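First chain written, first letter: the chains are A, B and C, and each begins at residue 1.
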Amino acid sequence: MAYPTATLDVIGLWTGWLLMLMIYSYPLYKENVTYRFAEHIFIGIFLAINLVVNFTNVIRICVTPLLGGDFMMIVPLVMGIMIYTMLIPEYRWVSRYPIAVLVGAGFGLGMRGVIKPSILDAIVSTITAPSTGAMMDWVNFLYIAVGLISSVMYFLLTYEHTGALQAPTRIGRLFIMIGLGAYFGNTVLFRFTMLTGRAQFFLQVLKIIPM
Amino acid sequence: MSNILKREAVFAVTGIVTVLMFVEYFFFPQDWIVASTIRNWAVIIYNISLGLGGVRLIMQHTMGTQRRRENWQFSVLFLVAFVIMLFTGLAGYLGTGVATSNGIYNWLFNNVYTPLGSTTYAITGFYIFSAAYRAFRARNVDAALMLIAGCFVILSNAPVGEVIWSGIPAIGEWFRFVGQVPGMRVFGVVGGLGTIAYGFRALLGKERGFYAGGAEE
Amino acid sequence: MSGQNIFDKLQNIDRRVFYWVLFITLMVPFIMPIGLPVKVVKNTRDLYEGVTGDNINPGDIAIMNFGYGVSAWSECAPGFTVCAKALLREGARIVFMGAHYDVELSYNKLRSEAAEDFATKQYGVDYVFLGYFAGGESAIAQLATDSWTVYPEDHYRTPVSEIPLMQDFHGWQDVAVVLSSDTGDVGSYFLRQWQGAHGTKLAEIGIAMNGSTDYPYYLAGNYFGLSIGSRGGAELEVLIGEPGEATTAMDSINASHILIVLAVILANVGYLVQRRQA
């Protein structure tokens, strides 16, 4: 994408740049009026986009088929509107029905879907011995097997971690800490990449680096 | 009767819908029209319900403006930005079927929403840096292990790790591709078991936190 | 104050100093780039090979899910762009969709980044943009059984019955591969409702944070490939031979990562010194 030349596009670019500085004035300086200004504009615009996009989506998936002859669509439409009774205290209980449908569908799908990838495949992968004879593969295999078993024991919360459970749960905790450390390392990459994008944008608008 | 409508009937709906999803999965190799219809309804209800948070926010800011609460001027700013974006977006949608066909909406979407959206989430990068400096201490064996794993993964994620020491990529990759696996896999396994347990509790009507008003009324 | 050593002072330093140091450190490598080589790891290579060569046939339908918004463009967009280019060059037909409100922006960005590849393709025949969907796991499950109920129209309000590509896409059985690029949960919905339930080939081009939780699934064979964050995006750019945004950002990533490790080491040295003194 080249540096824009059209007046409105250039104004837009600098507007975004200034808004970015307003937001960053909070961590880099202190909370101030410009930060609040940018923050409230963002929330207002974001909310409007939320409503516009969801409204158009409801028209697309419900109202259009309803007007096209699929009269069963009146049921989810009415149930969706029932959710807004949550705003009226004396009729709040009416909103429980559409929520019940959402919760039921969500749990039903989640429960049936989680069995294979999260439990069965994980266990099979853990107990499947390496096909090569390389020592490092076997070390890794044992590491993962022992690590998973002891980590799962750590999450056994119905028994106190004393006696025979003390050593394996302690080891499991260490494995979990290694995992969390690696997770932190990846989190750093994620957060810094987002900031990198902003730093790049800062320089691009000033034409210090090409767009 | 009204108590049954407010509680037991609700739990029954949850249970029936959950069971229908199971029946489809275990007894129908292709999809089942009943479960498919209910799923479609759930999608539509979900879409309609997404406006609820927005409505609450508008109510809150409108009341704040009316009652001249602290910083009410920012509430006015919020409402003005909201109204402009909403009406231009709807105008675009009603005109051509695509909201971004409206010039003002499209300009605001590209030049205000995009930089603000990116910037707001990127702020967490600052906080993770200061948090790492202030809080990441090797106080005991657990914290030291976490620290060592974290540092090696950080350095192996960046190509410069290999320049500093040739062993960093090897050790860092071991942490990324083997070391973290038990610790991360356990969350999947335990989370899966928890989902099943929690789902059964919801099916039996024991979990009431989802419903407005909870278990009372 | 007189009893304070350098480490005590460093402990109490204003956090805004850190923020400024970080912000400047991120900018300098863009002005003075170095360009260190990026090593490609197995999970990224498997992802690229899974969408190229003998693993994709001309005419195969691929779903590409924009599970990221504008905030994660620098993390996910480069890898996503490479995969889209690779699939288009193999002659696959792509169905684009997303669960973020700004999915249209992400799609437009992809179109501009891969303009040359899209120029030779026809909308509605070789690719289609279905737009935004909401509904969480229910929507993904419904997409697998009857996609036309989730998307009766595309993003531009054309009924799917009038789109040639959509005549061949009704559910999971019509899809050869799903590529999901996520900041949140949508990838895990595809994992449960598509890969787990029907065995559909699935890969993730996600943020680095999700890379930790997704890697065990790649090891278990649920994902055929995995691209982790901007580093994965840079590796994909190496594989396709076209350096892009992720490769450019790597210098900045290098500098910032060295900075945070130095900060952590400094903080711990100071902590150990203080503990000894106490």
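Simple rule for what comes next: contacts are C-beta pairs under 8 Å (C-beta built on N, C-alpha and C of every residue); 3 or more make two chains touch, one makes a residue touch a chain.
Quick caveat: nothing in here was measured; it's all calculated off a predicted structure.
Trainee: May I ask which two chains are joined by the most contacting C-beta pairs?
Mentor: A-B
Trainee: Taking every chain's C-alpha mean, which one sits closest to the mean of all protein C-alpha atoms?
Mentor: Smallest offset from the overall C-alpha mean is found for A.
Trainee: So which chain is farthest from chain C, going by the mean of the CA atoms in each chain?
Mentor: Max centre-to-centre separation from chain C belongs to B.
Trainee: Counting only Cα atoms for the centres, state how far chain B is from chain C in Å.
Mentor: Taking the average C-alpha coordinate of chain B and of chain C, the gap between them is 17 Å.
Trainee: Per the centroid of Cα atoms for each chain, what is the distance between chain A and chain C, given in Å?
Mentor: 13
Trainee: In whole angstrom, how far does the Cα centroid of chain A sit from the Cα centroid of chain B?
Mentor: Going by mean C-alpha positions, chain A sits 5 Å from chain B.
Trainee: Can you list every residue of chain B that touches 2 or more other chains, as numbers and ranges?
Mentor: 25, 39-40, 42-44, 46-47, 50, 109-110, 113-114, 117-118, 120-122, 125-126, 132, 147, 150-151, 154, 157-158, 176, 180-181, 184-185, 188
Trainee: Out of chain A, which residues touch more than one other chain, so two or more?
Mentor: Counting only residues that touch two or more other chains, chain A contributes 24, 27, 46, 49-50, 53-54, 57, 61, 102, 105-106, 109-110, 112, 114-115, 117-118, 122, 179, 182-183, 186-189, 192, 194-195, 197.
Trainee: List, in ascending order, every residue of chain C touching at least 2 other chains.
Mentor: 19, 22-23, 71-73, 102, 133-134, 136, 138, 141, 149-150, 157, 197, 208, 212-213, 216-217, 219, 229, 231, 253, 257, 260
Trainee: Going by the contact rule at the top, pick out the chain A residues touching chain B in the complex.
Mentor: Those in contact with chain B are residues 8, 11-13, 15-17, 19-20, 23-24, 26-27, 36-58, 61-62, 72-73, 75-77, 79-81, 83-84, 86-87, 92-93, 95-112, 114-115, 117-119, 122-123, 126, 140, 143-144, 146-148, 150-152, 154-155, 172-189, 191-192, 194-195, 197-198, 201.
Trainee: Residue numbers of chain B touching chain C in their complex, please.
Mentor: For this pair, the touching residues of chain B are 25, 31, 36, 39-40, 42-44, 46-47, 50, 97-98, 100, 109-110, 113-114, 117-118, 120-122, 125-126, 129-130, 132-134, 136-139, 147, 150-151, 154-155, 157-164, 169, 173, 176-177, 180-181, 184-185, 187-188.
Trainee: How about chain B: which of its residues touch chain A in the complex?
Mentor: Answer in residue numbers: 5-6, 9-11, 13-22, 25-26, 37-52, 54-59, 71, 74-75, 77-86, 89-90, 93, 99, 105, 107-128, 132, 141-143, 145-154, 157-158, 175-176, 178-186, 188-193, 195-196, 198-200, 202-203, 210-213, 217.
Trainee: Looking at the complex, which residues from chain A come into contact with chain C?
Mentor: Answer in residue numbers: 1, 24, 27-29, 46, 49-50, 53-54, 57, 60-61, 64-65, 102, 105-106, 109-110, 112-118, 121-122, 124-125, 179, 182-183, 186-190, 192-197, 199-200, 202-203, 208-209.
Trainee: Give the list of chain C residues in touch with chain B in this complex.
Mentor: 11, 15, 18-19, 22-23, 36-39, 41-43, 69-73, 102, 104-105, 133-136, 138-139, 141-142, 145-146, 149-150, 155-157, 171, 197, 208, 212-213, 215-217, 219, 229, 231, 250, 253-255, 257-261, 263-268, 271-272
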